[in-house]
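The following blocks contain the structures, represented as structure tokens.
Two complexes follow with subunit A in common, the first pairing it with subunit B and the second with subunit C.
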Partner chain A sequence: MRARRAATAYLLILPFFAVFGLFWAGPIAASFLYSFTEWRGITPPSPVGLRNYENLLYDERFFTALGNTLWMAGLYVAIANTAALSLALALDSGWMRLRQFFRTAFFLPMTLSMVVAAVIFQLVYAGDIGLLAKLLAPLGIEIPALLRDPATAPYALVAMRVWRTTGYYAIIYLAGLQAISSELREAARLDGASELNVIRHVVLPGLKPVALFCIVLSTVSGLEMFDEPMVLTQGGPGDSTLTVVMFVYQQGFQFLQLGYAAAASYVLTVLIVLVSLVQRFWLRERGR
Partner chain B sequence: MKRRSFLAGAAAGTVGLAAARAPAIAQARTTKITYWCWSEHARGAQAVYPRFRERNPDIEVEILNLNPQEIQDKILVAMATGVGAPDVGLLIESRFPTYPPTGGLSEVTEHVAPREADFSPRLRTRLKHNNRYFGFPYIQNAAVMFYRQDYFAEKGITAPIDTWAQWVEAGKRVRDRQRNIYMHQVSPGAVGFANLTGYMEGAGVQLFDEAGKTVRQNRRAAEVMRFYFDLVRTHEISLLVTHNSPEHFVAIREGRLAALHSGNWGLDRLETEARADRGKWKVQPFPRWSADGPPAVGTWGGSVLVIPRQSRNQAAAAKWAQYLSSDVDAQVGLWQNGYGYPTSVRAQADARLREPQGFLGQSMYEASLQGREVNYFNLVADWPRVQIEMGRQIDAMFQGQKAPEQAWADFEAAMVRQYG
Partner chain C sequence: MSDRLTPRRVLVILALFGVLAIIVMPWVWALLSSFKPRSEIMSTGFLPSEWLLDNYSGLFRDTLFVRWMFNSAVVSLSAAFLAMGLCGLAGYGFAKFDFPAKETLFLLVVASVSIPPFTTVIPLFGWMAKLGLLNTYPVLVLPFAASAFGLFMMRQYVSTLPDELFEAARIDGCGEARLFWSVVLPLARPALATVGILVFISSWNSFVWPLIFMRSNEMFTLPVGIAGMNSEQMAEYGLVMAAAVLSSVPMLLVFFAMQKQIIAGLTKGAVKG
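And now, the complex of A and B:
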């Protein structure tokens, strides 16, 4: 009976693993092998050993991309999670009216296609004809074309991503908040805890698993940033928004160096795994 | 049921089934092919398709309008994976040399070689790999300058403006800081290089020799780079904004640009983005570099038709590509419906090319293309690498991180490292 129940459970999860194996694990393994070859896509790959990885070590643009990716992802994770948590706390509070409306409104950017969002933001950021410039002009503030200045372009991309995804993470945080017992919060208040202390000592510890999930998810998504630079800046100006995935795209699909691109993507994969592990251990340690 | 009535019923059923199958069989004889192209080319193809269908009732073409960059990448991916390629695809001419060495394109020598006399020597070289053709000539574009006649008239400027020096002087008169009006627009980044190409080719500059080696100590190229920089930073007559971006279109719509440098297909963009200014826009040849120099201009885009090897309808695909490439009416139709300048010499001589365009109220061919010699770069296989490297230098130059001469020197050094 027990074995039969276990078999049913495995049978139910089998479709996922079958599809994952076929369309994900296979290509992942294949691209690992391709990372040791020189391959232009159609002609057969020729093995080159570790040469692609060695070349990466001396590739200045790869390190630029790596640096950009790390700091932009870090900034994105910090802002997106802080904003999402604040939003979730506001949506969960007793004084908030029209909660349903706000939940939908904040989630809406996530449903927009990336291209539509990019066109909107091109016009928001555009020099003196941009929405931002026009809004700030009456205050006497002049802003440059944000996407054309290497000092501002990365921030502009991060801001756009935060705008698109904060609502999504806020919904997850909200679900976590609603799972925290209201009696626990009430008890803390009765014991004389201020609202800030309730959040600090009751709500936030209770949200730790959800926070871990959101932080890891947003980190992975931040490290894989591609859509924004691809559509808005093509990695410029002057490589200031060149991310690792953008670098991989250029090497693979524009220069047809697919083996080299595979090697770069594996470095990114290792990086993502390492960062995720560090985050996991860090949050677990702090939870103790 | 009696035996006789059963047989009669069965016979009637068989006849009925056969009749029902007849159209299906006729339909099965129709070969359906897919054609990937973009915006004005899709519109041009739709316009000339009925004539093709009349001549080839057995071939149905599905014309798909995709993003141009997306097509280049998707065809590569399709060629690599072996699935999903179109039967006929349109490639940006500067990207084309990357494709034949991959082995993913069908050789089309038997279709193209017999009509070599009908297109330019440049294309004879560009479309070949190992002395065999892998692409059909389609359209080529030359750099032209559209301008607002009303803005010029307001400042007493008479067009056409012959040289770049005169253009700069006229630009200083047109530039209006109060009304935020610029003479024309210049692009940063890799897009900026696509625009700069028209300037450099017009000046007779080559980045690579015919063997694909970098031209060293390229003083003329550095001078053109300096000129491009001066338009924005020294003379302050040009708005720095990415070509064909929403911001650029808004600048056109709001009347902030007195001119538009572009290929001849730019008229298609103007018709969409500046509809309200119909009749105000005119066109002239791209200015030349000196009054006593040759009336030479550079290219501004150009595309090639290709047939991926994995197409299962090679014969039908070749017929469609050959039709778009060589049929005079089709080539003229592409000009009339998307302003792609024909590669076919016979089509170039067609009287319909000299007809005026309603939006301009003048013949674009006569006003901007006639009598101009078109110079062009020698391409190398990984052209996007060249574009990206040049884009980085253009950005650094406009950001004030380096002088134009230094930006050129750094670009040249990077090209020497890559191509020798």
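And now, the complex of A and C:
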């Protein structure tokens, strides 16, 4: 009986795992093996041991990409989560009759593909003919072509990503807020706690699982940034928006250094796993 | 808690409308630009001097926009339906059966979620070339159908259905295939709908997969087609804006028709932790 039940179960999960094996598990394992080979696409891969990883250590462009990715992702996570939490608190305290309307409206940018958002934003950022410059001109603020200047291009990409996803995270935070019982908050208020103290001592601790989810999710997506630099800047100007995934794409699919690209991609994979573990641990510790 | 309109609430609402303006403005800008002739997009005015449909007719005449939209629709719909099948079956297996290596297999799927895109794409490119799948629909459908998120969702939902129900059906002589078809599927319909919609959205918006695996203009999906128009030497920004506007219409319709399932699906996992 038990064996038959198990056989049925394997039949049930077989279709999923056949596809999952071919398109996810298999390639993830194969990529790891390829990262120890020299592989130029046409010829079969030949093993080179750790040489790809050694070369990465001396590749200045890789470190530029790593640095850009880390600080852009960090900035994005900080701004998106702060803004999303503030929006959620505003929605939660705001007038309930409008809450549903705002929830829908704030979610809308998430339905746009990153590519469409990117082509729209290039006309927002396009120097004096861009929307931003036209809106700020009456205030006497001049906006240069943000994507053409290495000093501003990374910020422009981060801002665009914040625009697209903050509403989504705000809705998640809002769902978390509404799961915290309002009696608890009322009780704290009746005991004379100020609004700020209620938020600090009642609301924020209760929000921790939701915050963990949003922070990990936004960090992972930030570290994997590719669509925006690919469509808008090609990693430029002057490598200022070169991200690790962009670097992997160039090495793998423009220069056909597939083994090298696999190694770079694996470094990012390990980094992502480490960062999400550390965040999990840190948020849990601070919760006690 | 009362729901009166206090002065503080009015301030909060005004601030929220400010945020709304920031969210809406780029869309309005894209819409306005899509009606402008080329010379006006490059000038400093706000409104088109006259509202032209040239960009839209140009989009249909000079580009493969309709074909790209067709490709996107075929790929995303197939992925959504296939995902409902694969994740429904596997979710039922994980929720209601015990079998060796169950936890390991599930963890394997969980672990695959945060893998950066090219880690899988690099070996797959060669494999797909050997299988003759480059430039075909299945290569964009299959990976999205084996959705890790879909599996969590289905497992979680099916495990809330009472075990007695399944036992009773088995005692009545119901075979496993019929049990899945006439008990699990109908009961799990809300979860299946959510999985279908979310897979549809992620497939419709995906960029890396079609960028790498679709090799000819007439097999592109919308994101790759639009990115291509945008990167031409003398890009026609009016056309690009018209394409951006039109390509987001189907998604908006889907969103407004099913926003409850979409928002619930995207927030549920988070709040339960």
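Descriptive notes on the structure:
Assume the second predicted complex is superposed on the first by the 261 of 288 C-alpha atoms of A that agree within 3 Å, B and C clash if a C-alpha of one lies under 4 Å from a C-alpha of the other, contacts with A are read in each partner's own complex, and residues count from 1 in each chain.
One rule holds in what follows: a contact is a pair of C-beta atoms (placed from the backbone, for glycine too) under 8 Å apart; a residue touches a chain by one contact, two chains touch by 3 or more.
Note that the coordinates shown come from a computational prediction; the quantities given were computed from them, not determined experimentally.
Upon superposition of the two complexes on subunit A, a steric clash is found between subunit B and subunit C.
Legend: residue contacts after superposition of the two complexes on their common chain; A:V119 is shown touching both subunit B and subunit C. Which of subunit B and subunit C touches more residues of subunit A is settled by the count: it is C.
Once the two complexes are overlaid on the shared chain, A:D128 sits against subunit B and subunit C alike. Judged by the touch definition given at the top, the superposed model places A:L22 against subunit C, while subunit B stays out of reach. Contact with subunit B, but none with subunit C, is seen for A:R148 once the two complexes are overlaid on the shared chain.
With both structures placed on the common chain, the touch criterion links A:F253 to subunit B and to subunit C. Among the candidate segments 20-28, 38-46, 92-100 or 200-208, the part of subunit C whose C-alpha atoms clash with subunit B in the superposed model is 38-46.
Once both structures are placed on chain A, subunit A residues 41, 119, 122-123, 128-129, 253, 258 are touched by subunit B and, in the other complex, by subunit C. Across the complex, subunit B meets subunit A through its residues 73, 76-77, 79-80, 98, 101-104, 180, 188-191, 240-242, 245-247, 250-251, 254, 256, 382, 384-385, 388, 391-392, 395-396, 398-399, 401.
Within the complex formed with subunit C, the subunit A residues making contact are 2, 5-6, 8-10, 12-13, 15-17, 19-20, 22-28, 30-31, 34, 41, 87, 90-91, 93-98, 102-109, 111-124, 128-129, 131, 134-135, 163, 167-168, 171-172, 175-176, 179, 182, 186, 209-210, 212-214, 220, 223-224, 226-227, 230-231, 244-245, 248-249, 252-253, 258, 261-262, 265-266, 268-269, 272-273, 276.
Residues 1, 3, 5, 8-9, 12-13, 15-16, 19-20, 22-27, 29-30, 33, 41-44, 46, 85-87, 89-90, 92-94, 97-100, 102, 105, 108-109, 112, 114-127, 142-143, 145-146, 148, 151, 176, 180, 201, 204-208, 211-212, 222-224, 226-227, 230-231, 237, 240-241, 244, 247-248, 251-252, 254-255, 259, 262-263, 266-267, 269-271, 273 of subunit C touch subunit A in their complex.
Listing the residues of subunit A that touch subunit B in their complex gives 40-43, 119, 122-123, 126-130, 145, 148-150, 233-239, 250, 253-256, 258.
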